[in-house]
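Alright, structures below, take your time with them.
Okay, so chain A shows up in both of these, paired with chain B first and chain C after.
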Partner chain A sequence: MHHPNLTSSVIFGLGFLYLVQLVMNFFWTIRSLKNDGHCRLPSLFGGAEVPVAMWWGLYTAVLAMLTIAHFTGYSSPDSFLIVLPDWFKGLVDVAVSDPKWFFTETVLVFGAIILLRRQLATDTAGWILLNASTVFLSLSLTDWDFRQIVGKPDNVPIVGMLFIVGFFTWLSFKKANENDSRLEQGLGPLEGEDNEKVLVWPDLVYTELIVMIGLTAFLFFWGVCLEAPLEEPASSVKTPNPSKAPWYFLGLQEMLVYYDPWLAGVVFPSTILGGMMALPYIDFNKKGNGYYTFNERKFAISVFLFGFLPLWVGMIVLGTFLRGPNWNMFGIYEYWDVHKLEALNNVNLSEYFWLYGLGVSMPVPDANGSFMSQVGTIVWRESPGIVLTLGYLFLLPSVMAMTIFRNFAFRMGFFRFMVFANLVLLMAALPAKMVLRWLFNLKYLVAIPEYFINI
Partner chain B sequence: MAKKPNKDDILSKIRKQGSGTSGGDASAADAAAEKPKAAPAGGPADIMAKIRAQGASGSSSGAAEEKPAAAKKAAPKSPADIMAAIRSQGGGDAGASAAKSADAPVKKAAAAAAPAGDLPPVDEMLRQMKAGKVSGGEAAVAAAPAKPALKVPVRPAKKSAAAGASTRRGFVSWFAAAWVLLTVTSATWVLGLARFMFPNVIVEPPSQFKIGSPSDYPLGTVSTKWTAARGIWVVHTDQYKGKSLIYALASVCTHLGCTPSWLEGEQKFKCPCHGSGFYMTGINFEGPAPRPLERVGLAVAPDGMLEVDKSVKFQEEKGQWEDAKSFVDASLV
Partner chain C sequence: MSVGDYIRESQIWKSVFRHPAPYDRRNRVVVMLTNFFLHLHPVSIKQNGIALSYTWCMGGITFFLFLAETITGVLLMFYYRPTLEWAFNDILALRDVSTLGIMREIHRWGAHAMVITVWLHMYRVFLTGSYKPPREFNWVIGVILLKFTLLLSFTGYLLPWDQLAIWAITVGSNMARATPVLGSEGPGFQLLNVGGYDLITTASDARFLLLGSKFVGEETLNRFYILHCVAIPLAVAGLIAIHFWRVRKDGGISQPL
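Let's look at the complex of A and B:
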């Protein structure tokens, strides 16, 4: 079962990855020399004035040495030293292989994006983040298990997607920062100056043509280099282990771990689509129309990004890279062991209530009784969950209107506010159920398996 | 006038030069011709307008080729209008030559107008003629439409009686044939489709099959022998309500229908899709599956073999596992 972490071809290939980073940072150093000015060394080193580009030059030199090391030292992979230390791998595995830690981390990252937007959405910070991710990727690729997950033809586009999501989030906050500064000074947004307008012909059309050709060429290259992920013929009695949805549905598949199919597969996706369509009618903030800004639309952007980054992209990442055989959680450097044992024992709320809370046996519907008496018994059995669910959906909006969203309720009016509040609550239902599952092993709030209604 | 000279302009100029009539006439014609959106020549309205313009001007020059655009004011739309125009023309004293040149178009117009029923104007014209108010030339104009107006209903009636009837009959029969053909084809398709639902040979295994002697399934085991081919696990355990029972579980996860795997080491069924877990008994205990795995029918056949009946299902949460058809008591066999 032992797989070598490093082989000669892996090391040689990584050399090219470092070469790309070397070239990128060479040009960045030149740019830094022109733009970044000088900084003072710590007094320990003499306190001399040096250009900031010196640090980038040093980093580029390190990359050059790494490149040379990989291009020359691939003959003896067992003694190759540039690998990730085991303690680091173990630390990362612990940090990501538990859904509650992973979700907490994605929420923290989301909070950092919002709170540190002034610091993170700058050119230099963006470049540092990009380099941090590429170096992390390069070093992680020295691990066999990591290569199995990331290098799978299914998953390669998701790695690319992570960079794209990161770039566009960074870009939007960079533009929003510019506008927010201008708005604080009483100037209009940058987009209002019309200085970014170009002619459709020839500027836009030519750009589109070039991008089209470039992308087509890239797709050809991709299609030739990576084999299509074909599997064995389908069989109704054999399910691949793990069995994964297409990558864009992995968020939904993760939702299915916590909710019944009719909720996670029908109600929630429809709510996402319908809710997106309802957004323009819910929004009463007339600012931020046609230009980037964060300060003028703090609530709207934060709520949307929470739904998009931790709940959608985060769940796709979790489903792609961290879910392994038997749908267990695995670290990114962890071997996909089919026999990994995860102790789970999920309990319904009604069982908690009757068996543990009241210490009595659960009401059992009389198998020979009438239909109505059976339904009555079932509803009585599940009454705690039904009360909680109804309270969540019908009582909580009023409480929200009277407390945290008082201003919203006043400006929106009754119907708009109720739509808004229910959309927010349904979005919050996923993390709420996840937390309940993690903390209390709660399976279902309302469990009526007799009629396929489980919440 | 900075207008481009159009056809009407040119014609009116020619008329101005060529006609020896009064200036008022020419200017009237000119004004009429200047209207840029003159109605196109050729329609009955134009012809009528032409006749009327000639009659009103009192010109007997016979310049019937000019196409004045005075039709705009009258703009006759219906046969009644046309007849009214003819009538109004009678007020003036049109020349015989003009009437002759207009004869053929008027015939056509009258023919077109005839079915709509224009007898009153013709009658009126005849009455006028009898009263002696009109000249002979005008009588010719009035009589000209009268003749075809009488003939038109007769001639087409003859033709339709002879040729039209056979055409319609032929058409109806072809139409019916096409419909019948379409109906027959569709019905054949539907029947073929219905037949498709009852194939001669069903390649799927029968729902009832024998799985060997009960002694093949010792206590405390889950047999995956029949999973790949028939989609069942054969379980022999005493963990469910303390009795030593043999039963067959359908290998379909009660969450979304994937096939769980039996993990011997962990002594559980584990679904690869969303992580649902089931004890050996089939009871769900982890993951999102809301209810236990389903049992299928199991009985001891007369020859002592176990026989599975996949056509019946037994759900634990409905109390159906108490059904004697859902298990075989190992202590009795």
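Let's look at the complex of A and C:
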């Protein structure tokens, strides 16, 4: 099936996207002229001193040319040159269309946010990142398959969410960095400076009023621009492929690839909620209450961000944009081919143990035996996984308490520490199983289909 | 006397507002104390508590979206009948013939937005350490609000009764089948049996409770409609009231000590 990557209306529409970027960068150039000072050109170019703003001016000029090109060149889409090269699309598709690479990349991004926070959470770096993503988005929109998936009405908010989450992560790290530097010098956090009492009328109520008016306008604007989706009338016989849960549950649906529904759909979500409720009673660190900081709460913030960014937002992105028919993975520029085949031959731990490890046949429960003897055989068959799982949940916390988390265990007390350790371990259970799957094609650690207990 | 003054001097105006306009300091205090809607707020507040760069206004935006959803939702209820015969057609009519059809767009995008803002609000509360004492319990209420926000969105997703709707809900609710002990395909469901008969079957398990049926059908539509339009909004409204009350009782927006 051939679909044109470019049509006149796409080119013309993209013109507006470039126009927005042009305007944004025009103002940024002016700001840079005022704030950014000068830099020296390489000696090859004479080594002259030029304002940093010159680079932004050049970039803005490029955007201006792009805008003009889109607004004037839309009539012949076949010969329009501003598209993504195929090699680039191929590269990106390879990089994202395998869960192990995608997950690794999100973890790398997470690591970069934490480790490079001083470098990334600055105005200039933030602006560069924003521009990199808008240019990437604009160029990607020249691809038909990309438009299909990103342009689905219900998916549009997710694209917006990525920008917003990115922005607020940047903002909070920027504020945390400022405070951390102050705290190092023995000053208090910025939030405590000039913190006089003001009257709520007018200082707060006017802000609220303006926000309300702005949001109302925004919702109307959004409603006019983008029609709410309505597909074919419901039919209980025509199953769509893929069948997806609402987007905010796609992280949970993605867990189904690695864990059975009783865990992925019931136990883990309940644990996530329970764990979040338990959070204030587990975090015994008194510091960092009422201001942004990273250094005073390194552990808590890292764990929370790991849960929120790669595991929650990352999995939603994967489930929404990368999972296609038959729940196969597809690149963002790849056609959703229903016939794409992916070999699935996963093996249970018990099979590894008995068949490959010991080279004997698997214990089989005696169909005519008593209930207890059947259960006994099953437990015996699955004993390697059962031992591992019990060890993970009950032994490992004690080991943690005696080694890396000694300090924690000491300050938290037994019960609190056990809750904490189990929550952390359950959170780690998802990436752990993912890695086991990718490395060993492991299906289940414990496979008791007889009683629907598969882990 | 100008028209404005005339109105403000009238008996009607004074009966509603009971004090002069908030132009001077005294009346700016009084207005906060006498107005029902404003008395949610304190009279004065630390500057940091209203700094946009601190709270991102996310809790407030979430609340605003909840109100917007309530208003547009009530308007939509005038047009929508939750039956197999009408549900889809009523939505179609909202698109094609109703003057207020844009309410559906606003309601749907507002719902997406609310899910996002409630996460961001939680994100901000976490990053400022505002769940620490004395605000632990308000965080717990918040988590429940988060869950209810997702459930509101989830139950609403079914109502248009199109392919998107029923299959998303089918996928989502299939998980309930696997609830330990209480799901017909959950671990240990055999535990609940009397004299050899299983109590937990496809017609009595957790999924059936959610759907009111063995599959997503008319009973489900009815159940989700009531949850979406009555039960959950009431619960959320009540919880928000407690949430706001606690923000004030816990000493206002968190501050460095």
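The definition used in the following text is that the second predicted complex is superposed on the first by the 443 of 455 C-alpha atoms of A that agree within 3 Å, B and C clash if a C-alpha of one lies under 4 Å from a C-alpha of the other, contacts with A are read in each partner's own complex, and residues count from 1 in each chain.
The rule we apply is simple: a contact is a pair of C-beta atoms (placed from the backbone, for glycine too) under 8 Å apart; a residue touches a chain by one contact, two chains touch by 3 or more.
The structure displayed is predicted, hence computed values, not measured ones.
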| item | value |
| --- | --- |
| Chain A residues touched by each partner, larger count belonging to chain B or chain C | C |
| Partner chain in contact with A:Phe417 - chain B first, chain C second, else both or neither | neither |
| Contacts of A:Glu191 with chain B and chain C, given as first, second, both or neither | second |
| Partner chain in contact with A:Tyr333 - chain B first, chain C second, else both or neither | neither |
| Partner chain(s) touched by A:Asn345 [first = chain B, second = chain C, both, neither] | first |
| Chain B versus chain C as contact partner of A:Trp28, first or second or both or neither | neither |
| Touched partner set for A:Trp222, first chain B, second chain C, both or neither | second |
| Which superposed partner A:Phe405 touches (first chain B, second chain C, both, neither) | neither |
| Which of chain B and chain C A:Lys238 touches, first, second, both or neither | both |
| First, second, both or neither for A:Tyr18, with chain B first and chain C second | neither |
| Contact residues of chain A, present in both the chain B and the chain C interface | 235-236, 238-240, 243, 253, 260-261, 265, 452 |
| Partner chain A, residues of chain B touching it in the complex | 227-231, 251, 254-256, 258-261, 263, 265-266, 270-275, 277, 285-288, 290-291, 317-319 |
| Sites on chain C touched by chain A in the complex | 22, 25, 28-29, 31-32, 38, 41-48, 50-54, 56-57, 60-61, 64-65, 68, 88, 91-92, 95, 102, 104-106, 108-110, 112-113, 115-116, 119-120, 123-124, 126-133, 135-136, 139-140, 143-144, 146-147, 150, 153-154, 157, 160-168, 170-172, 174-180, 183, 185-190, 215-217, 254-257 |
| Residues of chain A that touch chain C when the two form their complex | 154, 157, 160-161, 164-165, 168, 171-172, 175-176, 188-189, 191-192, 194-205, 207-208, 211-212, 215-216, 219-220, 222-224, 226-236, 238-240, 243-246, 248-249, 252-253, 260-262, 264-267, 273, 276-277, 279-281, 283, 285-293, 297, 301, 304, 308, 451-453 |
| In the complex with chain B, residue positions of chain A that touch it | 235-243, 253, 256-261, 265, 325-328, 338-339, 341, 344-346, 367, 443-444, 447, 449-450, 452, 454 |
